[in-house]
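Below you'll find the structure I mean.
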């Protein structure tokens, strides 16, 4: 697909607007992080230290680092400057740099999150299109019923039930961690071991994602099929196959693309519950540890990263959107 | 008059009968409300009571078993129903009130107010809401009140967008235009005409929000951020997690109840949406 | 042989628990280059009739009887392949909502190209583009439209696009289903005038489906008045609209304030459309007819020719009465 010259400038203006919104979101998140620590009940120093009775030296060091004695605006300036240098502070729990902690966790999280999202997208969308074409059939009703059920299921509970099923009854797949502790595999063996460990978390995620894509694909295909222009195309003698493959699909795919983009943006939150269930060493696990130990610097760094990635992804999705849907550019 | 009332009633009954989601949803809702109001009367034990039998599998004495502290699971589930419903309803109501107010103002007044509010909505849409809720609860404490308020404060954008679109459309209708020319004040028109006429999609969306709020609460409980002073299904599941797979009953039953509850409101919301847009209906 | 010869067509919808008799026993002919208006309130079956002739109704829930002969060939009994050949080359249609007449995410020119290729798959791109440009010119649109998307045009412009599209293969029959209803009066008049010029040059016959009597009066030669799925009166516009013989036609004319454009309820006619899921035992209009007698509720009046192809389905007329007395 190509754009005309006038359209390029429309798209550019649209993207600039979205970038502006994205920037505000990131700024808001930074501000939120800054404010919440200071609004929270109790002394922010204690919160930042992560325990109720930190040592005097530690309190002193924290006050100096964050300028907690200085006026609020200056504090914010110090905070923002640290962030710009990639300094998210130190985790109280492990005394490691927060950023180093997060770095090791991103890989495993993205690994299952992305795999799950893509498989869920493919299966869900295909089923949705299929169900829409056979609307009202037993197959359609069955899929709709199932999708309601999985839509109502908390992901962590589904994970627990999978453990129940696979650990006690079927014993096919490992239910814990990323690698076998006693395995000491190398090469192909290690990859197979990883894939085995990935199976349950990814399957859980896929089961949670499928109904989502299923319903979007189904309803947007049905919606498009009921549009007036389909009637026009039919009246021209165009074959149903061509109408569906070229016109229905192109119109119906737009919501799916949007939703997929948004899901990618939120995938860390979505997957964290599942990670916790399967003790997968990712961001979710880190998040849970930080919550139980009230490790605020780590929590707030995760939050910040999350908001930035969501903002970036939303802008990316919008750009794709502007490209595939000419209507959006105008407003 | 009497006849007209009867007809309306018949019409509603007909609508429900022809709408399988709504029908099933409302039946489920009746069951749920019954459990929430009268469940405690049927509970065999005080849900907080620590019985001597720990981790008992379902048996005559404990129909759904006990957990590691000796709590009777059935009694906990019966008491937990009102927790889930309360959180769901109140959080969804808060989000509806904020959404309707802001969306109504934005759509009805238009101009710079609309632009500003619209931008705010866009920004809220881009915030990772579950994590936002989690941060606030982790910082301010996990009382049920906090959970409800925070969920409400972060989930209003959907309602606001719907209401904004409604207000924009209704504003152009003839009867509103004539109210303008008859000198009725803007705020009075907004409250007396625009809101009541645009509220229906909000009701459908709010029903869905109840589902969302219940799931969010379950998630928070699972992360250890549930209110320790109330019984909630999410917390029972969390407590049972460590005893899986051997003591399967602790996690399984409250999970099924959560699904049942969430499903109920999903179905009602879907059913209402179907009433709203009959175009997507079967057979047409 | 007439261009279109509709014989005793009935169309029923089957829904879950009932059958709706949307069109009942309608016969009418359209000669070459003739312009026929079909008027009636919404629910009169006029659109169903048109969609039925085009075979665009969902075939799993409708039941059609009778014949619709297009150049002597029955549309209802064509197989899918033949139907697709006939569509657009022999008859085309312009719908009411022109804004939605084409896919919103494909460029207009591209869609017209695709439609051209439905019937001439091997035509060169240059030839097709040339044809489309000439069509756009014909309906007074600039070449720019070729690269535009539907949302970038106004309602009037899109209506012109829809008309250009309908004329792409110069079909002998054009059906316009409330095609100008959504437009403002000025644009409507312009477009109607253009259409009349085009069909004169291209020798096209037109069926105009509308509830707007003034549109029929200014653009059609023949008029068919429908009510509750049945033809009430039929004849030359200058006869029927000037001197109606059926009480319903008269009521319809009275109810239409021709200049203010404001829609009011049918002034001359009390009551509502009958329940179309109950098969009528008498005249469908009897319940609302000021002249209704006992017979009207018991027998169904047949359409009878009273000379000059002026046909009326009314016992009052049959028995020699006159609604104007």
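By letter and in written order, the chains are A, B and C; residue numbering begins at 1 in each of them.
Just so it is clear, a contact is a pair of C-beta atoms (placed from the backbone, for glycine too) under 8 Å apart; a residue touches a chain by one contact, two chains touch by 3 or more.
Please read all numbers here as calculations on a predicted model, not as lab measurements.
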Chain of greatest Cα-centre distance to chain A: C
Pair joined by more contacting C-beta pairs (A-C or A-B): A-B
Whole-Å separation of chain centres (CA-atom averages), chain B against chain C: 48
Whole-Å gap between the CA centroids of chain A and chain C: 52
Computed distance of Cα centres, chain B from chain A, in Å: 23
Touching two or more other chains - residue numbers and ranges from chain B: 283
Touching residues (chain side chain A, partner chain B) in the complex: 21-22, 24-25, 28-29, 32, 36-37, 39-41, 47, 135-136, 148-149, 151-154, 156-157, 160-161, 163-164, 167-168, 219, 222-223, 226, 265-266, 269, 273, 276-277, 287-288, 291-292, 294, 296, 299-300, 302-303, 306-307, 310-311, 314
Chain A contact footprint on chain C (complex, rising order): 54, 56, 83-89, 92-93, 95, 97, 100-106, 114-115, 118-119, 147, 149, 151-152, 162, 165
Interface residues, chain B side, partner chain A - complex: 119, 122-123, 125-128, 130-132, 134-136, 138-141, 211, 215, 218-219, 222-225, 234, 237, 241, 244-246, 248, 251-252, 255, 258-260, 262-263, 266-267, 270, 279-280, 282-283
Residues of chain A that touch chain C when the two form their complex: 4, 227-229, 231-239, 242, 246-247, 250-251, 254, 324-327, 330
